[in-house]
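These notes are about the structure you will find just below.
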Amino acid sequence: MITYVVIFSILAVLLVASALYAVIQKDLLAAVISTGVVSLILSVFFYLMQAPDVALTEAAIGIALTTIIFVITIRNTSRNEDETVDNNLEKF
Amino acid sequence: MQDGKSSISKFLYTFIMVFIIWNAFTWPGSFADIQLAEVLTGAFVSLILGLLTNKYFSCCGLQVLMPHKIIFLVQYFFVFIIALIKANLDVAVRVINPALPINPGIVEIKTKLTNDFAKMILANSITLTPGTLTIDVIDDTMYIHWIDVATENPEEAFKEIAEPFEKVLLKIYG
Amino acid sequence: MEILRYIGYGLLVIGGIFLFLGALGIYRMPDLYNRLQAGTKATTIGAMSAILGVGFIEPAWMVKTIIIVIFIGIANPLSSHALARAAYKAGLKPIMKKKVDAYEKVQDIEVKEEVKL
Amino acid sequence: MQNFEQYNSIITTGVYGSAIALILIGLYAVLIKKHLIKIVIGLSIIDAGVHLLFVAIGYIKGGTAPIFSPGNEDAVNKMVDPVPQALVLTAIVIGFAVTAVALSLVIRLYKHHNTARIDQIKSLKW
Amino acid sequence: MVISPVHYIAVPLLAAFTIPLLSKYIHKELARIVPGIVLLYSVFVSIVLMMQVSEVGVISEKIAGWSAPWGINLMFTPFSGFLASLMSVVGFLIWLYSYNFKKIEQSQSQKYHILQMMMVTGAIGIVLTGDIFNLFVFMEITAITAYSLTSFYRERDGAEAGFKYLLIGSFASVMILLAVMILYTQLGTLNMAEIAQNAHLIPTPLRATILVLFLVGFGIEAEMFPLNGWAPDAYSQSPGPIGAAFAGIVVKAGVYALIRVIFTLFDIHGAYDFLIYGGLITMIIAETAAVAQTNLKRMLAYSSIGQMGFVLIAFGIGTKTAIIGALFLMFNHAVIKSLLFMSGSYLTYNSLNKKISALAGLGKKLPIVSLLFGLGAFAIVGLPPFSGFWSKLYVLTAAADQNMLLLIMAILAVSIIEIIYYFRVVSTLYYGKQEDEEIKVQKPSINAMVSMLILGATIIVVGVYPDIITHFLNNAADMLLDKASYIQAVLTQNIN
Amino acid sequence: METVFIIVLSLMALGLLLGFLRFVKGPTAADRAVALDTMSVIATAALVLLGLMFKRYIYIDVALIYAVLGFIGVIVIARFIEKAL
Amino acid sequence: MKKVLVLVLLVIVGYFLTDTFNLIPFGENRIGNPQDEQTVAGYYLNNTVEKTSVANTVTAIVVNYRGFDTLGEVTVLFLATTGLGSILFRRKEDEEEIERINKPSSSLMQTGSRVLFPLIALLGIYVFIHGHLTPGGGFQGGAIIATGFLLMLISYKNFKAGHTMLNWVESLAGITFVSIGLWGLLTGGTFLENVLPAGELNNLISGGVIPIIYIAVGFKVAAELTGVLDILLNIKPKK
């Protein structure tokens, strides 16, 4: 049964790590995708805690809609956190 | 659109497909538990969706649902499964192999299919069989990223990658 | 019905292995296109097989699992196609041992919308 | 999943710890980062942490979802607390609305100042 | 249909959802007229309910047919009813004022009026609801309208002020959410009356935590120091009428929530002292900052913060007289600050820039507006015979009863500061040297004039006959202090 | 048969971890989108399996919605990378 | 310097939160034995089936017991859409040529979104019609439908979201919600009261007005979110 704890710890570590990554990453698109990962794992958490309603909401609003409106905002502003022009972040 | 089928046929096709999927969504587990209200609601929802979205959803009207075409569909399914299993083992071996034996490249193949829907199914099948990935479809040319390029010649590549699928698809949509 | 259960377990294990292999492929492959190859493929197959396995174990769930499988089957190849095409259009060249690139010459073709909406 | 709760302390640490960590990480982003989108990302991470905490307090060991679906009509005594779930539902939607407004403000600030970094937007004091 | 508190919420919502259709298919002008009718209806509901409540005591309404702890209920007590009536009246006057407001473009006016109406509705919801989470929801309604309205003007730095407000407001909502969460784990209920009944069961450390979280969360809306960073920018960058709405409506709702939490939910003694100190610091710092301002609206904003500090002090003293004084102050602040913002925005609109010095000589060109501004200035610093005098008197009396000598001195000192900067503006208006003779003034439209005159008349009438208001305030203060009857009224649901 | 579930779940968790490692390594946003896609597929399968373990039929709906929504997020990112958005 | 201050603040907040949540054990049964109806949650769990015939207790709470919250929530979304419109509003005179997307997506994607759009819409409709039986409800279903619209919006240049229709759907759904509330008031009950018969548990037609409200919420949320996405997509000036 220790396996459950291991699985759970992996999820928790992934959750925190992706949140941290969303904060430190300079490329805003990557940061936004990272928040998508946060939502993804968060909703698995909700599911594990027997809250399928909340998991569904988090999936619909966190993974899809929030990511989408962030991406659209980045399209209308800048993609690089430092707003320097060079670097190949803008390319791919 | 391209084949100018009547809109009633399109509507019916959409209606039937949506209705089937609705019933799959609401499947209670066994036939005995099906509620009449669910089915009627499903019919109503399918009616509305059919009216609103048939111009998007349907490709070619009702005749795709003819019995013999459904048999071909089943046949297609088996062809696909066999290709899938064969090729999956291939990629699995590649991934595990520490040397990563890959020789990627992008090849083009020509397809005889004209229907968008059929092209999408073909492209998806090609993508789902490991080793190949459809990058783009322009008219009748498909550009395929191939993890282990055996040949650059379009015809040979076509034989290698898409032939079994296309044969069956032509029978359904051709 | 016991046999169905065992088929289900088998599919589940196969699915698990393929999901793992897909993720491993994503991690190991050298460039985006190859990652897509390994990633979408193996994970899609893995997910499909695992989900179908659940359907076999609990036959009442079969219909819904098939619907999920169909959704995954339509959606996932499309998303990997979109990603591959986007990356290529953005200028990410695939890594190749011997240059075989038929797609390079058609970069400037405009896509037309074939449907009047 | 029956023995899930044997390791209660580890799981407690996992859930509460990650939720609090999310709140702190988001707070860090809001306070330190200079780019407006990063700040909004920080806000949404804080929200995520609070929502996780909220669901966590409603969880009951060995419980199941508070839905009386066929086969579960008699499981009243095993159900988790439905109230926090209902509240979180509301909170998630409200959080999304606030995020949308925040992002639209970011877009307008960018149009106005041609930058989205707060250290370069200086019309008002920050 | 019997008039009941839920009309405050349901009718505006129905109108808000209908307006887009009405304005598109019937007549464009309806988008501006309907909110006015709705707000007028709210005023009517207020009058009817205030008359009822003075007979019955408490009107409590349950929603969705579930009585108190299980469902949400609306409480129309003399205290909350007073605030709700005040808000609806001020909301209606603001609508009247902004009906033809020049700077709101035609195509945008539909959105403006919907947002303004919903701001009033949200604030009334905060005041009326008896459920802590529902309060949070209404606070978000108010906040989201406030964010949008702050950044309504495109040419100004409204977006920046709005973003700042949003940032701070999000913190507030996170705090409130956390507090609600901890509260729920301890008591398993969200109804305020039941929380108040059982609050003593919460372990002390958790109780302190909840209280701190609530204080910080609601303190942000109530402009308490040091959480008021949003206020000056939001006031100065938003459209003129919205400045009035902030002062008259949003902040009132924040103060209400703060007071409800401290007085009803947690009757902790230290909290009162906290209110006094917090209010004192807020007042002194804000009034000092107001002197240094050169922008008229910013000055008014700081003055508004200072006034809210004064209100918090008055609540913190905690005796009945003090609470009457505090409520009277809230009433005055709503009326007078609205008048100041309304007339002030016409004055700044007609000056070259928003500096106070640019107002010079406008007293002759816009005589009535300037007169009204002067009236407001005199009233807010507490000169007799205007209404501001009585509220200050009540608070000072209460402080004297409690032997709080230092507090009295601080209040008087701050009043002198207030007099300095308000008189500076008024003297610039009338005796300042005009720089540009050719400037064309924009006369206020008739509806704006009516709305300002109503406010001015209220100030004078209340100043002469304060009993009109204190009659209501007496009941309200009784109700606020009498926690037990509130709890009983909710949990027995005697009406409906 | 609990062991089978545990094995499969651990494989899925490891898959998530590997996907996340690729997500962190990048190097391009497209790679990260691939990782997100993979992770959401793995999560979908995991949700179905967990639904089986919790013995609740209705939980599958969540997986169904996952299958759709993860895809749409990836499509939007792809359109952005393509500079078409 | 600022970083150090912030880190100190973070440590304080973290300590404070950890300390607080140490006092709240995880996974403990706080609702007591539901049969005793000690707490609100216990009451809900014990009475929902009997009184409203709604299988999903969360839905019953969201739509009925705390239906007022949901009304407020819908209003928040509505106001966010309105506010977004006012914040990102473009004047007629400085109206530039705008385009939502530079180029249509590949023909494969076009076909794919054409096929998936009705299916996603169906999924959303399924989620909110079955809000009282299965997880999900109006908000989730609405969000799913909105993502379906988004798929079309980013795939086709000439797909229009149909503002007239969106306006109608949004307004009518909102009016339905409030009218159901007022219906309860008019028939002598209270606002949002469940005036229809409860029906039988786990039937599609059960729960009185609860499914109707959730369907209205679903349509409204779908229209609002589509509106939000459309506004956000339609602000890019043509190069």
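Just so it is clear, A, B, C, D, E, F and G label the chains in written order, and each chain counts residues from 1 on its own.
The rule is simple: a contact is a pair of C-beta atoms (placed from the backbone, for glycine too) under 8 Å apart; a residue touches a chain by one contact, two chains touch by 3 or more.
Everything numeric in this text was worked out from a predicted model, so none of it was measured.
Colleague: Starting at subunit E, how many touching-chain steps does it take at least to reach subunit G?
Modeller: Minimum number of steps from subunit E to subunit G: 1.
Colleague: Please tell me whether A-D or A-G has the greater number of C-beta pairs in contact.
Modeller: Result of the comparison of A-D and A-G: A-D.
Colleague: Name the chain whose C-alpha centroid is farthest from the C-alpha centroid of subunit A.
Modeller: Farthest by centroid: E.
Colleague: If you average the Cα atoms of subunit B and of subunit D to get two centres, how far apart are those centres in Å?
Modeller: Result: the chain centres lie 39 Å from each other.
Colleague: Report the inter-chain centroid distance for subunit F and subunit G in whole angstrom, where each centroid is the mean of the CA atoms.
Modeller: Between these chains, centre-to-centre, one finds 23 Å.
Colleague: How far is the middle of subunit C from the middle of subunit D, if each middle is the mean of its Cα atoms, in Å?
Modeller: 30
Colleague: Using the touch rule from the top of the page, what residues of subunit D touch 2 or more other chains?
Modeller: Only 1, 11, 15, 28, 36, 53, 56-57, 59, 64-65, 67, 69-70, 83, 85, 89-90, 93-94, 97-98, 100-101, 103, 105-108 qualify.
Colleague: Subunit F: which residues touch two or more other chains?
Modeller: Counting only residues that touch two or more other chains, subunit F contributes 9, 14, 16-17, 28, 30, 33, 54, 56-59, 61-62, 64-65, 68-69, 72, 75-77, 79, 81-85.
Colleague: Residues of subunit A touching 2+ other chains?
Modeller: 4, 11, 50, 52-53, 55-57, 59-61, 64-65, 68-69, 72-76, 91-92
Colleague: Please name which positions on subunit G make contact with subunit D in the complex.
Modeller: Per the stated touch rule, the residues are 2-3, 6, 9-10, 13-14, 17-18, 21, 24-31, 33-35, 40-41, 44-46, 48-49, 55-58, 61-62, 66, 69-70, 73, 76-77, 79-80, 83-84, 87-88, 133-135, 139, 201-202, 228, 231-232, 235.
Colleague: Hey, which residues of subunit F end up touching subunit C in the complex?
Modeller: Going by the criterion above, the answer is residues 1, 4-5, 7-9, 11-12, 14-19, 21-22, 28, 30-31, 33-35, 37-38, 41-42, 44-45, 48-49, 51-52, 57, 60, 63-64, 67-68, 71, 74-75, 77-79, 81-84.
Colleague: Can you tell me which positions in subunit E touch subunit D when the two form their complex?
Modeller: Against subunit D, subunit E makes touches at 133, 137, 140, 143-144, 147-148, 151, 154, 157, 159-164, 166-167, 170, 173-174, 177-178, 180-181, 184-185, 190, 233, 237.
Colleague: Once bound in the complex, which stretches of subunit C touch subunit B?
Modeller: Against subunit B, subunit C makes touches at 18, 21, 24-25, 28-31, 33-34, 36-38, 40-42, 44-45, 60-61, 63-64, 66-67, 73-74, 76-78, 80-81, 84-85, 88, 94-104, 106, 109, 111, 114-117.
Colleague: Sort out for me which residues of subunit C touch subunit G in the complex.
Modeller: The touching residues are 71, 74-75, 78, 81-82, 85, 110-117.
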